[in-house]
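In the two complexes that follow, chain A is the common piece, with chain B as its partner first and chain C second.
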Partner chain A sequence: MKSLSAYAIFLLLFTAGAALADNADPPESVVTEAAEELHVLRAVDIEASDTPEDAGGSVSLTWGMETVGTLPDSLGIMRSDPSGGEELIATLPVNIVMYNDQSADNGTEYSYWIVSYLGGTVEACSDRAAAVSSAQWIYKGRIGMMIILFLMSAIIFYYIESGKKGKELYIREIAGLEAVDDAVGRATEMGKAVLYIPGIADMDDIQTIASIVILGRVARKTAEYGASLLVPTSRSVVMSVSQEVVKEGYIQAGRPDGFNKENIQYLTDDQFGYAAGVDGIMVREKPAAIFLLGTFYAESLILAETGRSVGAIQIAGTAMPSQIPFFVAACDYTLIGEELFAASAYLSREPKLLGSLKGQDAAKLFFIILIVVGVIAATVGDYWSPLKSVAEFLRKLVTVN
Partner chain B sequence: MNWEILGIWLGALVTLCLYSFLYRDNPFYKFAEHLFVGMSAGYWVIYQIENVLIPNWWQSMVPSEGGFNWIWIIPGIFVLFMLARMVPKIAGLSRLSLGMIIGSGAGLNMVSFFQTNAMAQVKGTIFSVASGSVWSIFSSLVLVVGVVSGLIYFFFSKAHTGVVGKAANVGITILMVAFGASFGYTIMARLSLLIGRCQFMLEDWLPTIPRLLGIGG
Partner chain C sequence: MRLIIPLAITFTAGMIMILNFFVPHQPFRFLGENLQEWYLIVASGAIFLGAMNLMHVHFRKIKLKLKNWKYSPVTIIGFLVMLVLGLIYGVTEGRPFNYLFMNMVAPMGATMFSLLAFFVASAAFRAFRASNWRATLLLTSAFLVMLGQVPIGAMIWDKIPLIKVWLMSIPNTAGQRAVMIGAAMGVVSTSLRMIFGVERSWLGGTD
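Then we have the complex of A and B:
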């Protein structure tokens, strides 16, 4: 019994001594591993708020991560709604500290929390944060643009009203457009058709809309001169609109009987299928005048080259910067960029369109002044700081986030 | 039947038919053209039904999880208006649909065009032209002068005479230089397309001829 007590005292002293020795000089790795095993990192400072200046249906979450402990494998974004239903809405890598819940219903208060996964199980859980999603009417990042658009619209309305009251609205000569009547006249004299290609985009494209307005004018001229007008289209809606516009042109010219619906055909939506079809029409019909006005892509040179090979006078116009060089090279006249949009106003001389064009010119003048003042302010601002803030203000005015 | 070889031969023959246009219009080109136009038109009809009409309209109106969203009847009515063109008495209804397409297209594009083609360009042009190396200063000046003179060229309210005319000439000169560079760049891309087609003929199609004739491996 005595020996047992002595053994117990020895064991106790040995264990205590070992423990004291450990405490006195603990190996660092052993401590860290022990702490990590005990504590898996969790998300902290979680904040949930309605995403600002959006159309609703979105809640923004931000959080931080604890720094001491075992790194989890991934994080799970949990959400509960007022009925108490809980769901996992996203699983994210651990280095992510923000998330946008795009599936929130407006007006519903959701509670969010973040769970830390390690080895497929939830090892830690953050506090909760709640938010209600809502839609906002105004997006402040576009206020500068809104002001400029309002100003432009006011100027356009002013010029339209001026035009309606009979004020002469001057538009400078545009070379390609002067040739429209000549081209139709040439086709009439040669007894050949006029081919009008309104591009390959649909009716929701501004260039197609501009092209269709010019088509109306060309249709009226062909009706007056008695020339045949062919309009192959790449979109069914463009075909429908073209038929309406050409019909209107023939009615205005007092030649409704000359309108032939079959001359305005849909070929195909396919870009190169359309190009092949139009090329076929060109080589078979050998039109004397070809109009290529609208949106064009890689088929532009194929069409313009074939048109040139059949000896037609070609008037082209597009706002596609990459295709303008081909038209410049292969066509007799090219409407560059905005000249295409100006063409409808120039040809029709309608106060509405002329007023709109004058309004756009005012906007261009505004932008020229803005650029010149801005560049001077930024350049001089390098040496005299007050002007730097002027340049910054101007940049901010035209910044759209 | 070896479908792969059949596909290669069809591709090669249609390619040759289309390239025969370089000589003149001929029945082979006509055949390839009509095949291309007809087949692509058919393809796009199915594409539009499968990828536009069904997912964007039908499945929104009759969701797979059940129910019926009556609001989607409205676009359906506009579709019927478009088809009304086939009935002369009510053909005018299609104008409502066309007006909707043109109006919404113009309205939606106005914001994005103004944002990208005007505001972003102006913002990108407001900077100090006096910073950096001599070459950098020169490039900055070309950019600013190019933008301003280009805008003056597209100014329609003033005749291109006097100072305005000179500025416009600078603008169109810079534009033409840019177009020239773009032309050369695109020609390179087109040549690579031609090379791709030649490679198909030489590397994919030609080796099939001895195989069909039973010559060589």
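Then we have the complex of A and C:
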């Protein structure tokens, strides 16, 4: 009985103790966690710096966000100038961690900080970071390219001057360009048209420009020979320019009456619509000579094979590496890459233009040597560190950022 | 003046674009960006020239009953129907313009594109004739690449897909890069000739 009473007293005391314990203050760790739940996250590690390699007027900001706490609704980018004026320059979602202030004045030091909004009020604020924006005069990552361009230009202009002075310049024979006269002559003899396709790119493409220059030469030849020249285009600007170039060609040849504006026509901007239109012209007109010079994509083989099927002599040229095999397979002559750009100079036989070709070849030789040196340096550099630094230097020189 | 003004414009515009590439400072960036915008505006305006040319050429063909004039009404009707429907109802999804584009223009484009498969076959048949040692080399490498692309290649010999990868990534890439480097030289040379007025044939003369 005694032991039963003792057990009852112990149970009573334990229950009372537990009840008292429930009313006591919570442990310190529990308090901290609760406070963190209430704390609104703020931006940390804010960094401000002048935006590199720009025209000035821009400061780049980066920051991180605290990870434990209540997520704010949005962030506000605050800026103050030396006079003390503060302004909100942007409101951003909370997942953004960078911003570019495009409204900074060059030479003025601005101080930036980020405020966290929750329910429309500012709940937290970051530290401050300051920066001064300035304009740069050169893209550092493009200095190597600039040196290369100067070198190339110097070589090309040297040979142009040599050409002007009457120095004999050897230019290797380009079969495709030698065949231009034959192609136009063939069309004349057969009483059929010459079809000139300047590609599907617009006038802002250098291949189209090169093609239009060749078109001028071909137009002069067709005018001299009395052949008909058809130029279907896929861009309105190319059509307008082609009309002028062909007209000038006919005037230069003393045959302005032979120029027919309707022969240079716009078909469509659509790639395969254009291919269908040109194929239709090929099948209906059965031209004796077809020139495919310029920028081509997937329509290259569709055009070249149709041209082949109508029995035309075909001279193609493009700098699109993926289309060259198609032209090689389907055309009689193909101008590969640089040959397209050389065509005008080659056809004109003007000494100064031939000089530029010679300069281009000399520059190419220089770069071939550079590439070979680079390959050797990169390969042997793994075993001999001085060559590794040579390889690194060359890599930096030719890398454009 | 007829020669000097275009040359001066070409030189100025060309130099601005070159400087814009190397110099981020104003006014080069501003001028460079503006010149590109001007080109877009000119090109957009020129669309009307193209449309007018298209109509002029085909109406003239019909009027003079030139060769194959019977195709011209199809072009004119197609152009006008799309133009009118686009202007009246808009070009968004569910509109007649969009319906015609998706159900006529797109399938016709796809049809033209699909012809490419047959043209590739006929061109490959001609190109892969083993007429000399270089053509034989081309034929062999093409055969290995094609074989490496399909499962039967690996079934014949498990190294064939590896040979295909090597052919595509080493000799093929080297060749393509050589073409690109050569073309880049040509681009620089052509640009310099045009900018500095060495090449003047596009002006209609060489003097």
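Keep in mind that, in the parts below, the second predicted complex is superposed on the first by the 294 of 401 C-alpha atoms of A that agree within 3 Å, B and C clash if a C-alpha of one lies under 4 Å from a C-alpha of the other, contacts with A are read in each partner's own complex, and residues count from 1 in each chain.
Note that in this section a residue touches a chain if its C-beta (ideal position, glycine included) is under 8 Å from a C-beta of that chain, and two chains touch if they have at least 3 such contacts.
None of the values given here were measured: they were computed from a predicted structure.
When the two complexes are overlaid on their common chain A, residue A:Trp137 makes contact with chain C while staying clear of chain B. Contacts of A:Leu229 after superposition: neither chain B nor chain C is touched. Using the contact criterion defined above for the overlaid structures, shared-chain residue A:Glu338 touches chain B and also reaches chain C. Of the two partner chains, chain B and chain C are each touched by A:Ile324. When both complexes are overlaid on chain A, the residue A:Val59 reaches neither chain B nor chain C. With both structures placed on the common chain, the touch criterion links A:Val40 to neither chain B nor chain C.
After overlaying the two complexes on the shared chain, residue contacts for A:Val245 are found with chain C alone; chain B is out of touch.
Once chain A of one complex is fitted onto chain A of the other, the partner contacts of A:Asp205 are limited to chain B, with no touch recorded for chain C. In the superposition on chain A, no contact is made by A:Ala183 with either chain B or chain C. Contacts of chain A with chain B, set against its contacts with chain C after fitting on chain A, overlap at residues 145, 149, 202-204, 206, 209, 237, 240, 244, 266-267, 269-270, 272-273, 276, 280, 284, 298, 301, 321-322, 324-326, 328-329, 336-339, 342, 357, 363-364, 367. Those residues of chain A lying in contact with chain B across their complex are 144-145, 148-149, 170-174, 202-206, 209, 237, 240-241, 244, 266-270, 272-274, 276-277, 279-280, 283-284, 298, 301, 321-322, 324-326, 328-329, 336-339, 342, 346, 357-358, 361, 363-365, 367-368, 370-372, 374-375, 378-379, 381-382, 391, 394-395, 398-400. Against chain A, the residues of chain B that register as touching in their complex are 18, 21, 24-25, 29-30, 32-33, 36-41, 43-44, 47-48, 82, 85, 94-95, 98, 101-102, 104-106, 108-109, 111, 113-115, 118-120, 122-123, 125-131, 144, 147-148, 151-152, 154-160, 175-176, 178-180, 182-183, 186, 190. Taken in their complex, chain C has these residues touching chain A: 18, 21-26, 29-30, 39, 42-43, 46-51, 53-54, 56-57, 60, 67-68, 71, 105, 108-110, 112-113, 115-116, 119-120, 122-124, 126-127, 175-176, 179-183, 185-194, 198-199, 201-206. Only residues 53-56, 135-139, 142, 145-146, 149, 152-153, 156-157, 160, 202-204, 206, 209-210, 212-213, 216-217, 235-237, 239-240, 244-245, 247-249, 251-252, 262, 265-267, 269-273, 275-276, 280, 284, 298-299, 301-302, 304-305, 319, 321-322, 324-326, 328-330, 336-342, 344-345, 348, 350, 352-353, 356-357, 359-360, 363-364, 367 of chain A touch chain C when the two sit together in their complex.
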